[in-house]
Each structure stands twice: as C-alpha cells, then as structure tokens.
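Each remark here refers to the structure printed beneath this line.
As written, the chains take the letters A, B, C and D, and residue 1 is the first residue of each chain.
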Amino acid sequence: MSSATSFTDNEAIITYAARLMEGQRLYFVAIGGPPLLAVLLAKQLHAPAIAYVVEDGTIAPEMRLPAPAFMIGAGLASSRAVAWTDMNTVDFHASRGYIDDGVLAAVQVDAYGNFNSTFAGGSYDRPERRFGGPGGATEIAALCWRTTLMTRLQRRKFVEKLDFVSSPGFLDGSPGARERAGMPSGTGPYRVVTERALFGFDDDTRRMKLLAVAPWSSVEDVLSDMEFEPVVPAHVETLEPPTERELDVLRTQVDPSGRTIAGDWIVLDDSREAIKSAPAVGAS
Amino acid sequence: MSSATSFTDNEAIITYAARLMEGQRLYFVAIGGPPLLAVLLAKQLHAPAIAYVVEDGTIAPEMRLPAPAFMIGAGLASSRAVAWTDMNTVDFHASRGYIDDGVLAAVQVDAYGNFNSTFAGGSYDRPERRFGGPGGATEIAALCWRTTLMTRLQRRKFVEKLDFVSSPGFLDGSPGARERAGMPSGTGPYRVVTERALFGFDDDTRRMKLLAVAPWSSVEDVLSDMEFEPVVPAHVETLEPPTERELDVLRTQVDPSGRTIAGDWIVLDDSREAIKSAPAVGAS
Amino acid sequence: MMADTVPMLDRGQGEFRPPDPDAARRWARDKDRRLVDKRITEQAAVERFVADGSYVSYDTNVWRRGPSSLMREIIRQRKRDLWLAAKFSAHDATLLTAGGCVSKIDVGWMEVGRIITDAVRDGRVKMYEWTNGALAYRHLAGALGVPFLPLRFVGGTDVFRYSGACLIEDPYTGQPVCLVPAVNPDVALIHVNQCDIYGNARVFGPGLAPVETAMASRYVVLSTEEIIDTEEIRKHPASTTIPYYVVDAVVHAPFGCYPGSVPGLYRADLEHLMEFGAAQLNGAMDAYLEKWIYSVASHTEMLEQRVGLAKMQQLQADETHTEGYYT
Amino acid sequence: MMADTVPMLDRGQGEFRPPDPDAARRWARDKDRRLVDKRITEQAAVERFVADGSYVSYDTNVWRRGPSSLMREIIRQRKRDLWLAAKFSAHDATLLTAGGCVSKIDVGWMEVGRIITDAVRDGRVKMYEWTNGALAYRHLAGALGVPFLPLRFVGGTDVFRYSGACLIEDPYTGQPVCLVPAVNPDVALIHVNQCDIYGNARVFGPGLAPVETAMASRYVVLSTEEIIDTEEIRKHPASTTIPYYVVDAVVHAPFGCYPGSVPGLYRADLEHLMEFGAAQLNGAMDAYLEKWIYSVASHTEMLEQRVGLAKMQQLQADETHTEGYYT
C-alpha cells in the first residue's frame, strides 16, 4: 500500500488505532468520536468481523457507511445491531468480563496510563479549562480487559502529574493497585496511540513504554514532547504513515463530514520528513 | 344479595378476601392460587378498576374470563397487561413503594402475622411435611405496604411458634422489629382471612386481633381452633356468608375448573348453623 | 459522616456458592466473540456443558417456557450431584431428583411431593432456603459482575438464618440493610421463543429471570422453538433479550417445554401433568421416567413416539391466545 | 466466615444528595394508582413538578430523544437553583446554566463551553464529579429502592475523591469493592416515542437510563411525540418501557427533542446546533435565549414561529432510517 504524504494528526491517530484492532475481539467505545471512527475504519479495512458495543447500549451494530455527520444524534449509528439495550446493561456486560477492549480519547495522560478529562490548568475550583468529564471512560477503563488511549503527543498532554485523575490506568503503578481500588483483576492500559508515536506498558513496572515512532520523528523528538520519561527499549519500531487506502476509506466512508478527522496537517517530503503546516480550519 | 347455604371453605376464604379489595389500590399476587382468584373476583364484582402485578412480571393485566384451568402455565393469565417485565422488576416496584397490598396464601401463621411455607412437623432436617418454600411471599410481605394472608382456621395452622418463619409479619412484635431486620418502615400484616373468621392486627401490640366471625361460628369456636390467643375486642363483627352472586361469579368465571375453590363443604341450615360435610373430592 | 467500619449486624449460617466475580470474568474472557454457528444437539449440549456437580439454573420451568427437553436429557445422561437454583421451579426439581441427578437445591419455590420429601428426609438431597426474589436477585448480582447486592427483604426470617444472606448497617443511612451473595451458575438452561444460529435470542412474554440467568452463568445453553435469520435479528434489535456473545450452545427444540406451555405457541398438556402427579403419588416414577425419558433416545423421538402429532397439533390449536406474543 | 465488622477502606469527600429509600417509598405510596388522564400542558407540568431547588434528571439529552421542550419551559419559567444529573448530557446543562436555572451539577459528561466554565469559575455553579455509568447506576439504586449499590469502577481516581462513593471490604470475598449512593431525583423529565393518556410509555432505540430515571424519581413528567390508545398498549405489553403508576404528567410534544433527533422520526437540526455554538462562542447567548425561549409562549409557538413547517418536514424527510424504530 502506498504511503500518503499529507494527512492530519487525527487521521494518523485514528489510522494507527484501527491497525491495532482484531476481528475476534469485542470493543467498547463512547458515542461518537475518534475511537468509534477507528473501529469503523478497521471494519472497512482488515477486520470486518469486529464487533463493538456503544455506551448508549447499542450492541454489535453493522452501520452502513458513509457515516452520518452528527453520529451522536443519529439513529443510523445504532442500525443493524444485534441488540438495543441501555447504558447500565452494557456496563454490566463489561463488568462481567465480556468486553475485551475499551478504546478512549484522552486529554491528558500520565506514565501509568491514568488519564484526565475533567480540567486542565489552574485549580479544581478555578480551572483554566474545564472539560466535559470522563463520561463513560472511567467504567470502560476499569472494566474492559484492556484499554487503548488515543491522544496527540504534546508535552502538556503527557505529564508527570495529571491535573485530575478522571479515569484509571495502573494508578501509582504498584502491583495490585487497581485491585486495591476495587477494580477487576487482570485489567489495565494496553496502548497509547499518538500521531507520531505508539506506546505500550512495561510488564514489570507498568510504566508507559515506547513501541514505535513515525519515520519523520525520532525517539529524541518524542521524548522532547513528553514531561515524563517512558521506558525506551533498545529497539523501537517504525510507525508506518497512513496509506492512501486507509485515508481514502477514512475520508470518504468513515468521516465524510470531516468533523473528527480535521486537525493539524502533517505533510511529508520525499525523504518522509515532516513539514508541518498551520492548523487546518476547524481543527479541534 | 341472597346468602348461600353451601360453599367450600376455600370459596369462603376467596370471597372474604375479595370483599377487602379496593379499586384504587395496586395488588401483588403470586402466579395462580387463591390470592389471584380473590383479585379476579373483586374485579368482577365491586372493584373492576383494581390493578394487580404478578410475580412473573405481568403488570396490570385485564384477563378475559372465564379463567383457564392451569393459570400458572397459561399465557392468557398475562393477557392485556400494560407491561410485561420480569420477577426482579416487579420486586423493584414493590421495593420502591409502588405496590400497596400483597395478598398471600399461608400454611401456618403466628400471632404477629409471621408465616410458614417451608415445612410442618418434625425438624428442619427431618420434616414430616416439606412444602414448596416461600416463593415470592417473603419479598411481597416485606416490601408491599400491607399484607393480607389467606388460610384455613385450624389449630395446627394458627400456632404459638411457627415450625419455620418463611415470611415476615411483625416478627417478635416489638416496635421497629421489621426495620431492625432491614425491611422498609411502615409496612406489615393487615388482614388474615379464614373461612370462619377475619383478623386484623392490634395497632399497639401488633398482635393478631379478631375482627369478624361467621354466623355459624362463634368467638369461642374460633379461639378453640387457635393455639394462640388473639386480641378479642368487645365488639366482633359478623362475617356475612358468601352470596349466591359471589359464588356464581367465582364458580363460573374465576375458577370454572374448580381446582382451587375445591375444599371442605360448609352447608348451612335455615338458622345459618353449619352442618359440615365430608371433604369434597379433590380437596386440597 | 461515614464511620471507619460498617457493623455486621447478623448473618445467615447456610452454605452457599461463594461469589467470585473475577473467576466469572475469566470465564467470559475465554469465550469466542466471533459470530460462530452454535447449533448442536441436546445430547452434545448436555455432554459438553453439564458436568456432575454443576450448579444448574434453568428458566423458566417445566410448566411455562422452560427447557424441559434439556432437563430430560440431563436425566437420560444420568448426570449426578447437581446443585439446582429452584427460583420459581415447578416439578422440574422433582423430576431431576427422581432421576438421581440432584444433591443440593437452592429453594425459592418448587412443586414438592413425596419424592422431594423422601429425598430430603433420607439426606439424599440438601435444601438451602432462599426465596424466588432472593434467587433472582442473586442471579442479578452475578449478571452485574459484583459480589453481592443489597435488598430490603429476607431479614428477620428463618430463611435468612438458613441462607447466606447477611445484615449490615448501611454506611449511607445508618439503617440495617440485607446483602445477598451473587451466584454465577456453571450452566444456564434457557428455553427461548426464537434465536439465530449465533445465539441472539428473543424471549416473549413476562418471565422469571432469563436475562440475569444468562448473564450470570458460565455456560449458556439455549433451547429454542425456532431458529431465525440474523438479518431479522438486526432489523429489530429491540426484540433481542440475550446477545450472542454470552451463548455457548443453541439447541433447536420445537415443543421444548412440553409438557409445559410456551405461551402463544402451545398449551400445557394437563393429561401429562396428571400422569406425572399420579406417578409420584403411586410411587410409579421409575415407570414414568422409563416411558418418557430412558426409553427414547431424544426429544424428537419422545415427541414422535410418546406424544404424537395429533396431541401436538391439539395443544397448538388449544393455544388460541397469541396476542402480544406472535400477533 | 464473615467478620463482625466490614472495614471502610476509603471514601469520597464530595457533597451528594443523601439516599433515603423510605422517603422515596412514601412519595410512591401517595401517588394515584388509578388509570387517570394525566395529559397537561408543558407549562402546567413544569409549574407543578419542577420547583426551585429541585434535583432534576432528564433522559436522554437535547441531542437525542431528550425532553428539550420541557427544558426550555424550565428556562421560560425562570426556575432557580436546580441540581442537575448530567449523565451523558449534551448542551442541555449549558442552556439551563445560561438561563440561570442551575446551581449544582452531578457530572458524568456534558458539553462544556465558556458558559459552564465561567459559571464554575465565578462560583455560580458547583460541579460534583461522577461518571456517566456511576450516575446511571445511582439512578438504578434509586429505582431498586436500596440506599446504595456496589460497583467495580470509580475507585482509585480523583472522581472517587470528589464524589460520594466509598470503598469497603466486601464481606463475601474480602476484596475491596466500591459503593455509590442511590439517587432519587425530585423530578424526571423523559421524552418518549409513544405513551397513552395514563403514562404507559414506549421508548424506541438504545438509550441512557430512561427506566431507571423514571423509577427512581419522585415526580415523572413525560413528554411524548405521540399519544396512543391504551388498547394498543395492552395488545403489545412487551413494548412498554415505563408503567403508568410511576407517571405524574403526560405532555404531548411532537418534535419535543428539537433541535435534537428522535431516531426514526426526525434528524437533528445541525444549523440550529451551529447557531447555538456560535451564540456561546460569541457571548450572544442572551439573544439566543430570547429568540428561542423567552419570546415564544410555548413549544408549539416556537415550532410555528421559529422553526417553521418547511424545516420540520425537511428534518423528517432527512431521517430516512426507521428500521427497528417504526418499521
């Protein structure tokens, strides 16, 4: 597949997340947003059999694409499901252990995969920026067997200390920390996907671990945009840029409205070095 | 309405229970049995507006009569309901306080309205007679605002000490005993209906209290068939025998199969004295 | 403000299956999430998913929309030492006890005659006291993946004393509240009106706790009156009661509740129920089991050789009320 | 064996509405059990059932199948000091905050822009941290008539610290488990697809927690796209989501979710949502409120004078997907 030379950071994040998805697993996503788009992209590309559950109680839908512009308010997003239930019911299924992977967007993440969607800057009582809250992210990150986070690689997002721990990763990283907090055993963060770097978690220390870096970036470049130091193994993989095919499906089928994939453009030259442009119109 | 001269004890019990029922109240009954028949009789006679909830999750059905022979296995018993739910759901409605009256059949009852449907005689480990268990009676008696019991007046049924407390009345009768056992406040036994006597409960002592006696019986006769002594007020009402109309509806519409109304015959002479006959065929 | 400890006020002394939500999660983790054809015979389903000693929960019962054919197969295969959840059971428990399959019963309500009474008196069967609602609620706890649930009944009774319930002081209100332990059965046997080959199932009519029972259990075996196309399931997602990923086996069993009724499809066979009752009264249960179970190889064979087409058609014709079920 | 006390391991420090199941039961006791015609205007419903200071829970939200017309009427009547349950809310909370109606919000998720941010910073609105699931679960506890429910999330986070959750040692497994307190809102506002004049209601499609919200709340106000005959309800009892006896008011409100969508009936009005977004960005929310709420006397008047028949017909025509909802 020919690799693309221009795409947005969000397109890269969604594409990389989609590549991680496997057809025999059951995914849990919120209503709308990049995680849902990643699942839809994976279904269109390499894993048509993927089943997913949506926070609103929709179970294993087979939405016909192209997807509607305003997914969160569109009945079509629930179409051809095997069951329509409600929020508590799908949380019960996750609590019972039936949902393999939670896929979530994070505003701010720390070295142990804890993440924040409540506020940034200032104090809790006088926040500089107040966000919408964790929504379903806290239960999804606690109850699914594995959690994959999607976010941009920025120093203010990969922090030593979160302004607010909205949703659980490995907490303080100590053995059994999640169990001591009342969460099911054997669960936790699995991957963190950014536009330039892919992270996992170290089996022994549960600290975030760098797995792959985009060709136009480097380990140094990645670390320079992180407040904390991840585990860096001797060998770091190359994160292949989105292919034309991936972007084509994403742009024409998965998010034809362009609302979610809009972002900062990444433009590559022949040597696959990046020349960043100004943020695109409507960038989030 | 002309009073009848021959009917079974069960017909009398069902008739008296039906007379207690009011159209503006919501009743909770088990699947089949005398309590359901009493509700159906009341709906046919004086209180067509009565709504009832069945243990199987049927909410406010309007079954067309005559009733089927095997109610417990008949879809018709759930017909024309406003909702079909399940056992937990109707128990939630009772727990939440929406169901006014539980109406239940009891095998054995004590002075505080506690009752037994587990075993009689012998010991728990080696019972003389083992019964089917409380079924839904325990939650119905705990969660509905009032409980009405239906049983025959026999010395072995109105006992000082139950062989087994399957379902709660006022427990030991002390103030707040039900609340201390985890039950909602303001709930408890309301009436105990037999073929010869109607009982309530004393507001102060919570002991069973004789309210009315059938013309062919007497306070002495009633007390002689009870192991414990109920509160006996100065004035005891007369329990009017079933009327021809009540029995006609009961026999032709409510239980045409005769399975549940079968019992020992009570035959009255002109002076309304009873001449008991041998147990009817198929008496339970 | 809340105290540092929560007083345990009272507790039942009964034996019960200890809740282990993490173990139940591991069962779920290891199930296949793909859409695979799960149709197998009743024989294979019982061989594979019902073991000696299994905790078995069925829904509803042999009188109404219950998995009668699967329970007969359990007897036919002479399973032993089962622990039953008799949450509004019927004569199913009697039948399984007569077949020598049962050693423990969690009792809510069930039909009890001399077979159960004798088995209890002889110590062949041990009963554990619960109620219909408490058992349905314990299954709900199991379905929620939590170790217990609070409830406002059972307390103050001998049922409480002989059960695994406990009474604590609620940390929020300071008032006493009961807890019951979750149950996660080894196998759920559920008879449904319709499902597809993957196990997406529909249950029509009011019911006991089919959803909780399926969600709580390790293995879920469905017997179904009818197998329908997945496209039909996807056209009406609101009609689905149980999603495919909890289901392990789909057994096609028309008249699967016989001699009971599946409302909207066929009436209960009252003659048969009387035959059963008489067999129990007259101590002729062995002959009954021989006639209806051991002497036939399968549910289909029983329908053909013991019930007969005429009777089946009569029971269907007698079920004139289909409103809300199939119309 | 179980200990005499249950250790309280940790607890949140947040303010929360203290559960009182017995008080909630008394609310239920005093409701009319008869089948009475409950149809009233949105104005009367809000006047009668929403008071200053009420804890208000709505389902779903202004983007999908939510009671938008009732929320506008709350703003029109200038209710004050409301405590909102924002369990997957949308811009409803922003709208009510802009109208000066809100002083407290239990947050799961909601759309947050400068109006909420400013209100929080200025101390006009206080937030309490929960999650969508925790709030839906607290409503479930309220619907079950119990003071709390155990769950296996929320622990270990700052959400826990700022909430009313606690962490105890489970008396059955000895493992830590979280509890959240029940919530019984003063009023539930639920937009439904269909109901009869008594309040027997149908909700189509996946949803948030309409059943739990109705069952938990003191007053239940339904707005409905369509009023159907009770005979139709009784023909298909399986379709009923909420039974009449919990319902206090039925408000006939076609396009009641506008500018949001009722799947199967009409699409969301994206132009309107952009107009709202722009009003917030540009600090022109007063003009927005004047145009869409204060300057019109009712929902009907807003539809007639601000939306218009052409737009309404367009939104209906755009909703081409009805499968599973109305077909």
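As a convention for this text, contacts are C-beta pairs under 8 Å (C-beta built on N, C-alpha and C of every residue); 3 or more make two chains touch, one makes a residue touch a chain.
Keep in mind the model is a prediction, meaning the values are calculated, not measured.
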Report summary line: Touching chain C and chain D alike are A, B
Query raised in the report: Which chain's C-alpha centroid is most distant from that of chain D?
Result: B
Report summary line: Rounded to the nearest Å, the gap between Cα centres of chain A and chain C is 41
Requested in this report: List the centre-to-centre spacing of chain A and chain D in whole Å, with centres computed as mean CA coordinates.
Outcome: 29
Report summary line: When centres are defined as mean Cα positions, the distance from chain A to chain B in whole Å is 60
Query - Set of chain C residues in contact with two or more other chains - result: 21-22, 144-146, 151-152, 175, 177, 205-206, 235, 237-238, 323-324
Query raised in the report: Going by the touch rule set out above, which residues of chain A reach two or more other chains?
Result: 58, 78, 80-81, 84, 95, 143, 184
Query raised in the report: Are the chains arranged, by touching, as a line, ring, star, complete graph, or other?
Result: other
Report summary line: Inter-chain touches occur between A-C, A-D, B-C, B-D, C-D
Report summary line: chain D contacts chain C in the complex at 2-8, 11, 18-22, 144-152, 166, 168, 170-173, 175, 177, 179, 181-182, 204-206, 235-238, 323-324
Report summary line: In the complex, chain A touches chain D at residues 31, 54-58, 69-70, 72-76, 78-81, 84-88, 91, 95, 114, 118, 124, 126-127, 129-139, 141-143, 162, 164-168, 171, 177-184
Report summary line: The answer for chain C against chain A in the complex is residues 21-22, 24-29, 31-35, 143-146, 198, 200, 215-216, 230, 233-235, 237-238, 240, 243-246
**Report entry** Interface residues, chain D side, partner chain A - complex
**Finding:** 60, 63-64, 86-88, 90, 107-112, 116-117, 120-121, 127, 129-134, 136-137, 140, 151-160, 162, 167, 175-178, 205-212, 260-261, 263-264, 267-268, 270, 273, 319, 321-325
Query - Of all residues in chain B, those that touch chain D in their complex - result: 23-26, 49, 51, 58-62, 78, 80-84, 92-93, 95-98, 100, 143, 145, 184-186
